[in-house]
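Shared chain: chain A. Partners: chain B in the first complex, chain C in the second.
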Partner chain A sequence: MIGATDRRWLIAMVGVPTFLHVLLVWIPALATVGLSFAEWNNLDPLRDIAAVGTENYTVIFTVFGTRLFPALFNNLALVLFLFLCTAAGMLLAYLLDKSVRGTALYQSIYYFPVVLSLAVVGFIWKSVMFSRESGLLNILWPGDPIDFVGDQTRLFELVLPFGDVPVGISRNFAALLVAMAWRHIGYVMVLYLAGLKAVDPSLKEAAAVDGCNEWQSFRSVVFPTLKPINVVVAVITVIEALRAYDIIAALNVPRGTEVMGTLVTSALIGEGAGRVGIGSAYGTVLFVLCIGFIIWYVYNNFREDER
Partner chain B sequence: MSAPTVRAGGVGRAVYRTISSIPTGALWVIVVIWALPTLGLFANSFRGPSEQRTTPWWLLLRDENLSLDNYATVLGTDVQGGLVQGVINSFAIALPATVIPIAMAAFAAYAFAWMDFKGREWIFIGTVSLLAVPLQTALIPLLQLYNGGANQTLPFIGKTLSIFPDLDLTGTTTAVWLTHAGFAMPLAIFLLHNFISGLPKDIFESARIDGADHFQIFVRLVLPLSIPVLAAFAIFQFLWTWNDYLIALTMIGPFAPDKMPATVIIAAIAGDFGRYEHLLTAGAFVQAFFPIVVFFALQKYFVRGILAGSVKG
Partner chain C sequence: MAEIVFDGVNKIYPDGTQAIFDLSFEVADKEFVILVGPSGCGKSTALRMVAGLEEISSGRLLIGDRVVNDLSPKERDIAMVFQSYALYPHMSVADNMGFALKLAKVSKEEIDRRVRDAAEMLGLTEYLHRKPKALSGGQRQRVAMGRAIVRSPQAYLMDEPLSNLDAKLRVAMRGEIAALQDRLEVTTLYVTHDQVEAMTMGDRVAVMKLGVLQQVASPTDLYERPHNLFVAGFIGSPAMNLAEAEVVRHGDGIGITIQDGMTLAVDPAATDRYPKVRDRVGQRVAVGIRPEHFAAPSEVADDRVMRGLPVALVEALGSESLVHVDTRTRPIVSEDMRAAIDDEDAFEELKRQAAAGGQPFVVRYEPSRAPRHGETVDVGVRTERIHFFDAQSGLALR
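Coming up: the complex of A and B.
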């Protein structure tokens, strides 16, 4: 029952965003997948693109395995770590909302890191907290100064059953995780503090009258009310973890902190640029990873809806 | 109070107990720890380069020459062209990159939720499935697109079809916000669709009976109801685009230094072999000023918008 006017609006309002999205995201992303089977320097004309089959993948999984596997591991660690931060941020927000006065003050303190770019967050931690001579953490630390940003020795190491490359979290990546947690927990708290203000207090009272203890009322009343925030936060957490690039690029640490974002970028632009085939192969791996998360999410959502 | 009738158990409860046993004083300690990096940055922003490098920031009162020099320098034009132009460029990117995708996504989300048309599910899934895809995966083809347009020579006929004209967008702010708009579309449509599809069906039916077409329903009913959720997304998108480094760096950085947004300038200040690194302190505050204003201005909408989808539960 769509009339002529409606049809015109529909074409404009769904057609234009779809066109933009297909043109700017789908086509370039698929072109990247295509380029991953080719060799090309992007300074050369398009006709110089030469097909090389799966050679780029062979290269990144064998010769460059020492870079690819640690980067993949760092990305996955980042996803898990940011989810832990999310849980911590949610509980902290709940407790703060319940018990601490001086709302405006503590909110401003948590908001500040949220509005900073990750590149700036990296710099702040490097100079104010991590610096050898004047960083707070090194002054408080009783032993020799720690090179938080440069030390790439691993905290632990796992040997993969394939690829023969040990992976693990290096010390400088752990330091970077701390800096990211500072911003991410703030992010999550901002969202949940906003949400908690909107939870109807009479619901909590009703739960108390019905004999719920505090954990039960949190789990059965507050948490479900916050469901829309949970979705937003989960999506944002995954996006931030997979997109991670800025903070690592800003700290400019050559080894130990690579993630997929930096591998792709460094093969395409900057030093050592022009290896479009290799960069595209990295990009395709990242693309598959991102799509995987969404498919997993959509699948779970559908299953939940069916229940 | 009667005994709890439902046994809640497991890890969640243990974690919750531990955390709720933290006294209020300890929560304040966490707040103070949170403030430390910001305080340090603020203190350092008044100190000279050698003081910043050699003595801890909390000793700033011992310094003799505290000054606003760092602020004066980043606001002037001597270092990397200065942040004033950078902030203007950031606005030229962040405003269209926020407003345009939201405006487009709102109606698209409405159409996906309440209009029946062919291919609805597939277009929706096709859009939303790229929710988490980062820009790197499309970088080189995008640069090619902006530099030369998209032309396809048709096989057999030999005719060249221009899908996207060569607008020579390399090194322009347009290239940057266009990219942000494209990449923001999935998340915007996803979040707005979550909300709009949860609106009660009755209001649409009665409006249809009154003879309203979809566009009228959208403008008169859906838009006013969606303002909080639009504001919430606007905050995200503004922060994301204002703070973006990668897209601006690759699309503007090497081509047009006078079009660089604040983030790229700040990183360039830090880069230059650390010579101007001390200026970053002041630069960070200048760069963060506008997002803070935006945040507090939109905050009251934000509180309502973030829970808006809970109608559906």
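Coming up: the complex of A and C.
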């Protein structure tokens, strides 16, 4: 039985964090959704907020389609690319789990970038690796210096069937992908390493006795038993890719590397800014993508579990 | 079907510790051999070497007539039942059982047929679609067995398959596994630390201690003719009473002074079985008396009775009563005993008793004739059943 004092404590322990969470996370999020249907320049008083219906969405999908579609395409490319990094991280974890000599050292090296914020990762790559004058890559490169960060020519270009906007991966975005991989691989590796340590070693032995080779044993036995971690890693990977902002902001490149996150801020801050409604509409599209994916993915996984 | 042959097999780990010393024995075709010993005796390592999960440092291992030292587990065509069962948690019972066949590219219909046959044999038919986590411990154990059965391999290897079950289920499964092995006639090597399993299940038992094979024999042989002090102390529950005693002349034959002022006449039948005892007159040897080899004083000659023993504890088990009586006999404190007892606290207690100069003997009584706690009893010894061992080497004086 819970006594009266316990009950009060319980209410406080659950209530205060819930209150703060709702106040600081959900109210702003819902307010953003609300503002996406309005016009406001964020300097005028609140009473000047004017409802405009779905006009902001019409604008971002038509007039601003030249910004929105390339940004969405970059986000999508990030999702796919980070999944490749996830596979690489898993492979590293699998190899390290086989107790290679010096596992702890490799583990620390690969994990190191994860302790850095993405903004710092951006600065490091911009100045130490990519810099045109003093970057490591350009020093090693025998030919003419390459402008990794500034070159926005596209590696390939696609024309979408709608919106009539060409999209593609620019060279500077490709360089940025490398910087993100540096961090993401280590992150995923540590998660999988922890998961692999928890796999009952006799499962692998049973698989070997049953006639599995290394790959079959991983694919049919080890990987499926890592399911809880696979779910977490998949969610992390998608969210990381969709919400990417800080590393791009840190690189501070004018063009070529736009993603949804940077569109939001550029609508709010700086030259030509002050369009809260437009920024909110970008934000809401991103929000729907994230939450939609999470709900769909987690729902599917839990449903499968109950079967 | 095939025999398994250990031929001078050693296991030395990279850090230099040796787990198996020159192991040589054979599991004949269709035979059920139990590998038993206290923890750390190398029995599981030996089994894992057969499975190919542990490298063989030197010596040869044969399955059938193939030397398998350098073959992968897959190439050895053996099935193993793990202590933890090692069922694949994401697969249904049917998929668990059919996995090896699927890997071997057996047709779907054939897999289905063999899984159903095995499931029927094990009473698992209605659980085939379930995941392992929805099964009880006993059912999981059966699935693990089923996974081995469907493969019809050269040999079954079982690593303490019953140790995770509760006592009642363990007794039931003991019988089932033995019956199943008998029916399927597949060569089986079964590892356990439980000497009751060892005695009740197999055709032959191999006893190991600290990486060294002690004796391979049928359960009866092992019980009645232990090769050394360790086997004598390890096999049998309750354990054999072991004490140091001096061999003396007694009438025409010999006797043993088992404690100060108490000499028992040794029946010639015992000295016939242990002829070397006759050369040990005047020396101290280790003697062993099983709890069931005591008798009422009236049933044996007067010079075969231990008199005035206080009753310290009575364990009434229903079918029998185990009576612990205090004696002033000297316990044997040796590495053999440490290994046989396999419990540091119990061994410390034995050392303490040795220092104090006395230890309890366990005597088996018919429940109706059992004394009560606090009484003093006279106990006859069937000295024709006494065992003799060298006190130093522990070897039977045969």
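As a convention for this text, the second predicted complex is superposed on the first by the 266 of 307 C-alpha atoms of A that agree within 3 Å, B and C clash if a C-alpha of one lies under 4 Å from a C-alpha of the other, contacts with A are read in each partner's own complex, and residues count from 1 in each chain.
The definition used in the following text is that contacts are C-beta pairs under 8 Å (C-beta built on N, C-alpha and C of every residue); 3 or more make two chains touch, one makes a residue touch a chain.
Keep in mind it's a predicted model, so treat the numbers as computed, not measured.
S.K.: Between chain B (first) and chain C (second), which, if any, makes contact with A:G53: first, second, both or neither?
M.R.: neither
S.K.: Name the contact category of A:Y106: first (chain B only), second (chain C only), both, or neither.
M.R.: First partner only.
S.K.: So, does A:P161 touch the first partner chain B, the second partner chain C, both, or neither?
M.R.: neither
S.K.: Examine A:M129 and indicate which partner it touches, taking first as chain B and second as chain C; both and neither are also allowed.
M.R.: In the superposition, A:M129 contacts chain B only.
S.K.: Answer with first, second, both or neither: which of chain B and chain C does A:D200 touch in the superposed model?
M.R.: second
S.K.: After superposition on the shared chain, which partner residues are touched by A:W26: those of chain B (first), chain C (second), both, or neither?
M.R.: After superposition on chain A, A:W26 lies in contact with chain B alone.
S.K.: Tell me the contact category for A:P142 with respect to chain B and chain C: first, second, both or neither.
M.R.: Neither chain B nor chain C is touched by A:P142.
S.K.: After the superposition on A, what does A:I239 contact: first (chain B), second (chain C), both or neither?
M.R.: A:I239 sits against chain B, while chain C stays out of touch.
S.K.: Determine, for the superposed model, which of the two partners chain B and chain C contacts more residues of chain A.
M.R.: B
S.K.: Looking at the overlay, what does A:V221 touch: chain B (first), chain C (second), both, or neither?
M.R.: In the superposition, A:V221 contacts chain C only.
S.K.: State which residues of chain A lie in both footprints, the one left by chain B and the one left by chain C.
M.R.: 208, 211-213, 216, 220, 224-225, 227
S.K.: Write out the stretch or stretches of chain A touching chain B in their complex.
M.R.: Counting only chain A, the residues touching chain B are 1-3, 5-6, 9-10, 13-14, 16-18, 20-29, 31-32, 35, 42, 46, 91-92, 95-96, 99-100, 105-106, 109-120, 123-125, 127-129, 131, 133-136, 139, 182, 186, 191, 194-195, 197-199, 208, 211-216, 218-220, 224-229, 231-232, 235-236, 238-239, 242-243, 245-246, 249-250, 252, 260-261, 264-265, 268-269, 276, 279-280, 283-284, 286-287, 290-291, 293-295, 298.
S.K.: In their complex, what parts of chain C are in touch with chain A?
M.R.: Contacts found on chain C: 51-53, 72-74, 78-80, 82-84, 86, 88-90, 99-100, 103-104, 147.
S.K.: Sort out for me which residues of chain A touch chain C in the complex.
M.R.: Residue list for chain A touching chain C: 200, 202-203, 205-213, 216, 220-221, 224-225, 227.
S.K.: Hey, which residues of chain B end up touching chain A in the complex?
M.R.: 1-6, 8, 12-13, 15-17, 19-20, 22, 24, 27-28, 30-31, 34-38, 40-41, 44, 52-58, 101, 104-105, 107-108, 110-112, 115-117, 123, 125-145, 150, 163-164, 178-179, 181-183, 185-187, 189-191, 194-195, 213-215, 236, 239, 242-246, 250, 263, 266-267, 270-271, 277, 280-281, 284, 287-288, 291-292, 295, 299, 302-304, 306-310, 313
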